[in-house]
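Below: one structure, written as structure tokens.
Order of writing sets the chain letters: A, B, C, D and E. Residues in each chain are counted from 1.
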Amino acid sequence: PSNASAMTLTVSNVACVRGGRTVLSGVSFDVTAGQALILKGPNGVGKTTLLRTLAGLQDPVAGTIEFAEDTAAYASHADGVKTQLSVEENLSFWAQVYDQTVEDWVYDAFDLTDLRHRLAGTLSAGQKRRLGLARLGVIGRDVLFLDEPTVSLDGFSVKLFADFLQNRHLANGGIAVIATHIDLKLDAPELDLSGFIPPADDIQTSDEAFL
Amino acid sequence: MSIWEYANPKKFMETTEPVVSWFMGAALLSTAVGLIWGFFFTPHAINFGATVKIFYLHVPSALMAINAWGMMVVASIIWLVRRHHVSALAAKAAAPVGMVMTLIGLITGAIWGQPTWGTWWEWEPRLTSFLILFLFYIGYMALWAAIEDNDTAADLTSVLCLVGSVFAFMSRYAVNFWNNGLHQGASLSLDAEENVADVFWFPALISMGGFILLFLALVLMRTNTEIRLRRAHALELRRTARA
Amino acid sequence: MIALLLRDLRLAVRAGGGFGLGLAFFLIVIMLVPFGVGPEADILTPIAPGILWVAALLASLLSLDRIFALDFEDGSLALLATAPLPLEGVAMIKALAHWLTTGLPLTIAAPFLGILLHLDPSSFWLLFVSLLIGTPALSVIGMFGAALTVGLRRGGLLLSLLVLPMYVPTLIFGTELVRRGAEGMAYETPLVMLAGITAGAFALIPFAAAGALRINLK
Amino acid sequence: MIALLLRDLRLAVRAGGGFGLGLAFFLIVIMLVPFGVGPEADILTPIAPGILWVAALLASLLSLDRIFALDFEDGSLALLATAPLPLEGVAMIKALAHWLTTGLPLTIAAPFLGILLHLDPSSFWLLFVSLLIGTPALSVIGMFGAALTVGLRRGGLLLSLLVLPMYVPTLIFGTELVRRGAEGMAYETPLVMLAGITAGAFALIPFAAAGALRINLK
Amino acid sequence: PSNASAMTLTVSNVACVRGGRTVLSGVSFDVTAGQALILKGPNGVGKTTLLRTLAGLQDPVAGTIEFAEDTAAYASHADGVKTQLSVEENLSFWAQVYDQTVEDWVYDAFDLTDLRHRLAGTLSAGQKRRLGLARLGVIGRDVLFLDEPTVSLDGFSVKLFADFLQNRHLANGGIAVIATHIDLKLDAPELDLSGFIPPADDIQTSDEAFL
């Protein structure tokens, strides 16, 4: 990451809607350069929704989200891997989209060196996941929004990923907001979203206008 | 106070609900008058014979078919620009009505064509462009039906409605270019002489007015129904949310 | 941008969904028609240009739903939307890729397939031109339809329902161009109209499509 | 079995992919032809039956790839294969569901749409019969093609490429049936042949299809 | 499960192929009624391949697999949930396929009671996963082959699932073979597949015939 040093991610009492219903409200936190934030919370609490909102895929119904223009990237359950392309082709495509080049350390960092020329469709679940994550290493974005990045990774690969975050991304002044159910062993604060479920008696719905 | 106040669903329902029945009454009355007058108290046209009677159904429906789409375009723009749910729902409500009008226009036309042109269907520009309009109606409604989330559906259908109209116009031109038909020209010019004599014209005007009222009444009714549905949906959401 | 174009082309070839197949479908439709209407030249010749155009239209239609659907399912679309590329550009590129893999090969093959339908040799040239100018419009319009229906799992048929009526003007001017040429009439008007549609579509539709995509990604 | 049939029908309706749309596509193809070949009745009448059949064929073709693709992607197919249902039965049901949502409505609508093509009124009845007997064959054969291509992400075009040639006999006998009837000739032979194809297809293809599915699931 | 008591799953030195390459060989174990077996191993070692082989989706290239006919069910990364159907419809469909009926305890056991009438497409990742797992509760099979069943489940849901296995399935004499990277806290033996990777010098490929 480039001019990361300067910046922080500031979220002030954001509310977000899913399926016409406000699932979270009053979410506030800020993450400074070089820091990570772990989002916790039971299934269905709204982690994915919040991350999509932060990433700008959907608009918050209230509150503000601030960070430097065009510095963010989003990675979700579906990691946009093309089964018909080789590992290398997948990575270099995303690199090009972000005007970057694929540096070799990425293959080592995500243990893809042997799989480099394999078609992505022939990877095992975890190997494919590693490829999806390796994408984050080549696009050179400072602010990462990660939705359950370690799904179906074995212990070793989880470690690899944690190292990447700690020693590469954060060390270079990057920022990461991560929703996960397992412990990544990062020294990062945790935020339990259960605290932001709007009280039942004033749940907003997108159809308020009709009430 | 601006007219946008009425864009609030509640207010809209409160204001329109009472008048709807009046609209409907007037609509039925004038339609009936127009049709009866047209059917039983006009001489037979020289060249058409008794078949000309269907004209009183045919033309007004044809007219409304087009205007309905026009109304949908306006409503869609309002929705996209000002995000008033009511206008989106109005557009949704108008579609089936317009579709039926188009259908009536086509069917009566077909029935009309049988004696006059000796065939049920002729690839005549105006009929053709109406057939295309019919397809746009179906596509529009199908898109509404296919999407679960209400606002998404409203957005997408609005976009479709706008882009679609452009192509509808182009097809109208293209079709004329493709086959310059035996269908007679527009009969709505103020000096009706050039097309149809007054005797035919007055009842036609009345039934046209009737159809316009009918259209308005139906759209209002359906809009209110849609609003109620959304209301129910909202309440349901709130209930499940509470649970 | 170019990266995206190249990727799509590569995928089209890799997945066996590319050039060959669009062509093959075109060929087969052309072949089916004589089975349907009978082999007599005097029946086929007059309808040849029309059938060729309709076939081209259907062939490009058949591959539309894949323009965005695959990228939507595997999440690429969401990632592209959050990438520095303007979504309008993405939409445009997608249409371009579709044309390169479908419209272009069809255009080149059409005159030869015309032989199968006893197409009047004098109109080979015009047919080629009309398709060359017309098919890009088909791809762009189709791309818009694909953008509208990308959210829906079984969008395929709905897509064609939305798109086909919008194809009508292109189809009419395209075939008129050929027919008039064959009858030695002046064919400037349809030519200009056809070019106009294509130009206009390329200029405006990407914006509508990008809008539709943003809505669908919500 | 019935559970599967009901589920598929329900999905077809839910996803807005159901009855209406197959029909709509049919209607639109029928409409495009006159735009292509021109509006004159004397051109249209002779080719009407053929065009109607080709259109029906394409309409059912367009929805083929969804017969198995969706179930394959979300894993249902693998689960069904390991379920107590015989895979042959599953294949059969799938074809049946496809026919109910596509072939049947087409058959019913065809005579009316015939009007648009100035179809000779005397052949309405025969057209209806030929489609009623023929379209099931189209669904079964198509289902086989779908089973073969289910593994491939962009199978759509490949599928049609494989299936269309297999459609040819059905198409030929179907249209022959109508044409002969229109010309007052004896039409028993094509009628019998058509029925034969359908019966044979239903008897044998499900086994081939089940085999193809097993291989694709490996 | 019905006549479960009698039976065991016996696997004797099975070898299985993936992508034309033998990934595992000499795999042997047996699991008796009421027992579970946990498959461990790094990403790409062959867990999915083995489970697919056991479930009969692909044939072993060597060795034998024995258990009572038509008693097995397989659950994989893709859990065959129809987004267009409601939770209830999804379950009852699978129940019907297996000639069963959906008993109410299933909804509680997998915490789906509130979501019963939701379209599956509107579920969060974990909720959807729970639905996929609930399927196992309605098909009444004795031998379950589960591939990473707990992906994207929160701690609580994992517990729910473990309870289901322990107190419902195994308690009724069922059998389960489970590939997972996290600890399910079942009292079941673990089998690390790394031990069965064929030595590099005699890797079999499916094209042996050409050598």
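Methods note: contacts are C-beta pairs under 8 Å (C-beta built on N, C-alpha and C of every residue); 3 or more make two chains touch, one makes a residue touch a chain.
These numbers were taken from a predicted model, which means no experiment stands behind them.
Any chain touching subunit B that also touches subunit C appears here: A, D.
Counting only chains that touch, the fewest steps needed to get from subunit C to subunit E is 2. Where subunit C touches subunit D, the two copies mostly use the same residue numbers: shared numbers make up over half of all numbers in play.
Chains C-D form the pair with the most C-beta pairs in contact. Chain centres here are means of the Cα atoms, and by that rule the chain farthest away from subunit E is B. Inter-chain centre distance (subunit A to subunit B, centres taken as mean C-alpha positions): 49 Å.
Rounded to whole angstrom units, the spacing between the C-alpha centres of subunit D and subunit E is 38.
Between subunit C and subunit D the centroid-to-centroid distance comes to 24 Å (mean Cα coordinates, whole Å).
The distance from the centre of subunit A to the centre of subunit D, each centre being the mean of the chain's C-alpha atoms, comes to 45 Å. Counting partner chains per residue, subunit B shows two or more touched chains at residues 132, 135, 138-139, 142, 146, 178, 240. Within subunit D, contacts with two or more other chains are made by residues 11, 15-16, 21, 24, 28, 35, 38, 73, 153.
Residue positions 19, 77, 83-84 of subunit A are each in touch with at least two other chains. Residues of subunit D touching subunit E in their complex: 2-4, 7, 10-11, 14-15, 71, 73-76, 78-85, 217-218. Those residues of subunit C that touch subunit B in the shared complex are 141, 144, 148-149, 151-152, 155, 158, 161-162, 164-166, 168-169, 172-173, 176, 189-190, 193, 197, 205, 208, 211-212, 215-216, 218.
Within the complex formed with subunit D, the residues of subunit E that make contact are 55-58, 70, 72-85, 89, 93-94, 96-99, 135, 139. Put simply, subunit B touches subunit A in their complex at residues 8-10, 85, 149-151, 227, 230-231, 233-235, 237-238, 240-242. Listed in rising order, the residues of subunit A touching subunit E in the complex are 19, 41-44, 48, 77, 122-127, 129-130, 148, 151-157, 181-182.
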